[in-house]
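Next, two complexes with subunit A in common: one pairs it with subunit B, the other with subunit C.
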Partner chain A sequence: MIHLDKISIKQLFCLVILTQVGVHVLTIPYEESKNTGYDAWISVLLCGVIGQAAILLIYLLGKRYADRTLPQYIFSIFGKPIGKILNLLIAAYYAVSSLVVAVSYSDVISRWMLFTTPWYVISGVSIAIAAYIASSSLRSIATITQSIIVMFAICFLIVVISGTGKGDWRHFLPVGTHGIGPILKDTIFAFWAYAGYELLLYVFPFVHCHKKKNILIAMSAANGFTTFFYVLISVIVTYTFSESQLKSIPEPMIFILRQFKWPVVQSLDILFMTIWLGVTTVTVYVYLFLSARYLAFVRSTEIRNHSLLVWGLAIGCFTAGLWLSDRQSILRISDYFNNVSMIVSSIIPAILLLVSLARGKVERV
Partner chain B sequence: MLADSSPVNNEKILQAMLSHSSDFKSSDFTAGDRHYRLYYIDTMIELAVVQDHIIRPLLHHPNIVIREAVSILDYRETELLTDAAQALVEGKSVVQIDGEAKFYLLGSELKKERTVNIPVNERVLRGSNEALIENLQTNLNLLRKLIATPDLAVKYYQLGTRSNTKVAVLYIQSLANDEVLKEFEKRIGSINIDYVEAPGFIQELIQDKKFTIFPRLLVTERPDRVRAYLMDGKIAILTDGSPDCLIVPVSFWAFLQSPDDYQIGWLIGSSFRFLRIACFILAISLPGLYVALVTFDPRILPFEITLTLQSTMQYIAIPPVFEATLMLLTLEILREATIRLASPNSQTIGIVGGIVIGTIVVQANLISTMMVVVVAFTALASYLIPSYEMRSAARLLTFPFILMASVLGMLGLELSFLLVLAHLSRIHTMGIPYFYSGISADTIKDTFFRGPIRSLNRSKESMAQDSSRIRVRRRDNK
Partner chain C sequence: MKRAAVGIFMLLLLTGCWDRMPLRNLPMLDVAGIELNENGKEVVLDLVITTYKKAGQGQAEPLSETTELRGNSLIEAIGKGEYIDQGRFLGISTRSYLIGERFASKDPMKELSFLLHAPYASINSSVVIFEGNVSELLKNKSGTRKPLTKKLNDFIKALQMNGTIPDISMMTFILSQEDPLEDVALPMLKQYESGIELDGALLFDQAKSTGMKLSKDQLQMMMLLLGETSGKQKFTGSLPATGETQQSSSDPSKDIDYGLSIKKKSKKITVQGEPNGPPKIIINIRMKVYVFELGEGVKALKFDYANRMEKELAKHLEEQAAETIKILQKANADVLGIGKQIKAFHPNIWKSLDWQKDYPQLSIKPVITVQILDADIK
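After this line comes the complex of A and B, so read on.
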């Protein structure tokens, strides 16, 4: 029941893009510019390239175990005990990720849109809706995501149109003066923004395609698009703000949207943030879904009651979220998550692939 | 119960079986040395048929086998009294020869039906003007004429343990999906109910259990529409006594399509289709959007428009949420009132609704003018949805949207949309997803737009099994 049907390549494409983009669109390139300043867009671009490499790893790994999901084949790589612990850790990672995304966006909303609404109401409602969606089958999730791509397209248009406001191309010059070191250092901050492609570790066997290669192409296209989108935003922001401004504005995109006026819509930022909620919700529910699925394989037999797991996790997330109401703790956790997501989305697949290759012959038999 | 050889005893038992009904009659006649007894229910038989094709030949040919004497196609022999009683109820005449423990059941039903009329609920500007009627035989005749292929399967079912309603299930053998068919047969076979109200009961009894306000079976009264769906590999259900045909399984998008779309050019058809979908979205969200804009985020609108809005709301004491709910409720009441009312009275409703509620309410500063405009527009938009069931669903959805918008503003509206999307994606009909996003390249052809017929050869809506089937074969111009 959890996967009623397979998902199509197009749905995979939408799923990956919308899982990747989320709250970060508003903050990019604030965090990435801590060391690099106006060269932040290079860091963002670089991170997309690294993500592409990780996708290749995940694809190779998935191809070796084309009929199973990671929580299932992890046992044949690491054995039962370590596999279970890893599943639990990954499940925890996803649960906390979805919490952090939901909480960060609630934070944005309560600061920019609904000032008087109690903070926990916003996070509660968004987590509840995400849980409702996450408790459905993968196919339903893919369908919903495919529909939300319309909202994403609207937001994309808003960003592109409003980005062509006042600015100065000289903000970019001279390119690359911050040096390779800081640029690489800031790449780490972008990891969390790119995280999402590792969902392939789970969905690989459920993608309906004629050739397995199409999966790689779709994944690369999705990651390429996300990279393009992020770099575009970085460029728009750097074009509009100078380095000193950049350092003091945590949510530059909102500022840009706010100053842009259409004849029928006065504050685009509110419209944007409203529609963007749909896009962030994708990230939340995909993570919640994955978390529940990884958690299902923690015991020796698979736990079949998917919706119970999802709602349990959601309630847990919401309760944990009640303590995260102040901005500082969100920022701290976000910082911490840059590293964790790098580990989960790139390093773990690499290790898995290496160990699996080492055990390659066993797999063939 | 087996028949007795004495007609007198049989009559007594039959009378008891038919609850001593007064219209149960019998008549005796003798031809040669044979005594016949004819049982019938006189309200159910065609008198001329009985006289000309049963009694007369029997009188003229004494001592002949009944099968050879009567000129009636529907002929059956039975020894069971229960069969005879059932046949009597269906309008057959039952003949017995004195001394023989056997009944001859002869078809002599009286047929009362209205003529085939033009469709009332699904009017079109172009296309056929035939509508289904209450008689199952006539309906099947209409459909068989439209689909003249031996591939068209017609299966009868008897539903209702007391009413014994005849239900016909139609599908095209080579196109219908086997799994859907199996699932459907399982469901219709498991219905155990004393009588059937079509299409409502059947609809409720065969659809999936999951709770939803969206219709999952399409109801139509147009034979040409039934044909279009049959050609897509779907199943049509006709019930005796109901002019509505049920189509399963259909997706969400089928409810926004109209037969008209396919009769005019695809560009115009597409624009009307698009208009309809836009109006569906407006019908569920416009009052909510207005409430959200007015109560939470007037900042979104330009300053001048905000001023206009404010000026209309200046003297209104009621909060916009209640204004919207009240006006929509009034509208629903008016609508419901006009449907059931005799037509001379509906003018009164028009005056009460249009003048009193529309104008005076505004003059009395109860409801703002803008709200009346919004509500009127919402109502108009909802009437663009071709399916009555979907229209009702859309109108009902408006209320939760208003509620959410009044609590969380624009955000609530967005969340409601997400919720509706999520809900739609979770529904299944006959094991097939109900909703698919209409925006990807291969689905957009027949969802948001009505693509050219050449491109529709493999639309997503079609679940025909034969994948090589092409609706339009392109002729190579060499």
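After this line comes the complex of A and C, so read on.
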């Protein structure tokens, strides 16, 4: 019932891009520049490359169990008890991810746009819309995502246009003076920005394609595009601000948009943030959907009532979100999440693949 | 049931209700004048709001109103805005910040920095310095219904468009305190009879006023050295009569007036490392110009004459440029981005420098080549 039909390669492409990009667009490359300064774009690029490697792992894993989703085949790799615990942990990870994304963007909105609107309304509406979409089938989700790509295209255009403002190419030079150590260190901060491709772990059997290889190509193209988008933003930011200036601006993209002069639209930043809400919502509802799907497999039999699970999780997220209206706690959770997302999106697939290879041939169910 | 649920969601979408701001009731700022009072203790903030009368009938009449707020700091003055006149002013559409000279010379960043993170503050508006009393200018003029602020804004915009003054926004100005390589020169305006005129630029070192000024001509030269002059800008002046180029001419009537516009220009900064001691900097400017006056009146320019004048002009401009650079160095304001150039392309030399100390001592030489494009062949 959850997946009446399969999704197309094109839909997979949109789904991955929009799940990857989210709130981070506004902060890139502030966190990534803590050690690397103006070389932050290299860290961002490098993280995209690592993401590509992880996609390859997930693809190989998915190909081995082409007819099942991760929450189903996890049992044949680790056995029932450990599989159940892992499913529960991954479900929790997705639920918290979705909470953090929703709350972070609500925080952006309440700091820059809607000052007097109560917190519970902003976060409540973001979560409610996401939950409503997440409670439908995978195919509906993919179709909705496909339409939201238009909003993303508008935002992309706004970013490119605003990036043509005043700046200096000399901010980039000399390239790489911060050394390879700091660059690698800052790559970790970018992990969460790239997280999202691991949805393939679940989606793999539902992609309609002639050759399985097309899935890999679509995934790589999507990740490549996200990498390009993030590097582009890093380049625009570094072009506009020098290293020491960047240190005092935690949300460089907002400032670039605020600084842009255009007689037609007064505050490009507000326009951008409004449209961007649609793009971050994708991340929230995809995570919410995945969380519910993993949660469905924590018992011996699959829990069939998907929308009940989604709404339950959404209410949980909303309740937890009420205590997260201050920026400090959001930042603290985000910091912690950089590491967790690295584990879920790269290390867990790697371990799964290794164990699965060690177990030898896959029995077909 | 499902429809009812959707309906409830739609209601939730009307969340703008808490933050709605009906456009016609908004006191939108036009110009913000910031000044210190005579004894230098109180910050005086003048907010000009321009509204249009009879806008619906198609013959809108602009009407400016000024509100003066005072406080021990800028923040305090703004805070008082909640209780005065139209109450809570909205800075989102501020078109320019007019900063009094007294205010600018007393660590303006202590007061202005907060604007960067204040929502609804316009940080992309230009900042200009006003010589003289800001509040008087804004109060007098706006009281008489004359839309001075529009004139002022248009004037600033035109100067920027023509490349006469640098376009320094509030954000650029505030952020320049973070980086010694991003120094700025803020254009200065002064009152002139019933209008306003450009009077040069005030130099800032990491957003602190150095108290040193560039004259109008020097500002133009600075723009030329920055490579930001556009074709719209006209260079006019007078060359000392031939043969007397070294000293200023004793007889001004013999001077050759010139007027030219730049068609094409290239700029290159070369850094020559010295084995011991600071590097030598050469700023190379090559420009192709159209001449509309060069002492020849209506006659077409002769080839030989043009050739000779090219050199004379170049020399004359070089002298002016050297003078401008000297002032910039004395003020320790690296407006020309020389530090950036060394840091980017000569990291080894950069490591050996203590920029704040070494910059005023550097040898920076302008080399200007002029090519006249509209000379005759004979």
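Note that in this section the second predicted complex is superposed on the first by the 361 of 365 C-alpha atoms of A that agree within 3 Å, B and C clash if a C-alpha of one lies under 4 Å from a C-alpha of the other, contacts with A are read in each partner's own complex, and residues count from 1 in each chain.
Going forward, contacts are C-beta pairs under 8 Å (C-beta built on N, C-alpha and C of every residue); 3 or more make two chains touch, one makes a residue touch a chain.
Source: prediction; values computed, not measured.
Contacts of A:Lys10 after superposition on the shared chain: subunit B is touched, whereas subunit C is not. In the superposition on chain A, no contact is made by A:Leu89 with either subunit B or subunit C. Looking at the shared chain after the overlay, A:Gly124 reaches subunit C, while subunit B stays out of its contact range. Touch criterion met: A:Tyr132 reaches subunit B and subunit C at once. Using the contact criterion defined above for the overlaid structures, shared-chain residue A:Gly278 touches subunit B, although it does not reach subunit C. By the touch criterion defined above, A:Ala350 lies against neither subunit B nor subunit C after alignment on the C-alpha atoms of chain A. Legend: residue contacts after superposition of the two complexes on their common chain; A:Leu232 is shown touching neither subunit B nor subunit C. Once the two complexes are overlaid on the shared chain, A:Gln266 sits against subunit B and subunit C alike. Contacts of A:Met113 after superposition: both subunit B and subunit C are touched. When the two complexes are superposed on chain A, the residues of subunit A that touch both subunit B and subunit C are 113-114, 117, 121-122, 125, 129, 132, 261, 266-267. Per the touch definition, subunit C reaches subunit A in the complex via residues 9, 12-13, 15-19, 92-93, 116, 119, 123-124, 167, 169, 171-172, 175, 178-179, 181-182, 337, 340-341, 343-345, 347. Subunit A contributes residues 4-5, 10, 109, 113-114, 117, 121-122, 125-126, 129, 132-133, 136-137, 139-141, 143-144, 146-150, 261, 263-267, 270-271, 274-275, 277-278, 281 to its touches with subunit B in the complex. Touching subunit C in their complex are the following residues of subunit A: 111-118, 121-122, 124-125, 128-129, 132, 166, 168, 170-174, 177, 241-245, 247-249, 255, 258-261, 266-267.
Note for the complex: subunit B touches subunit A at residues 296-297, 299-303, 408-411, 413-415, 417-419, 421-422, 425-426, 428, 433, 435-437, 439-441.
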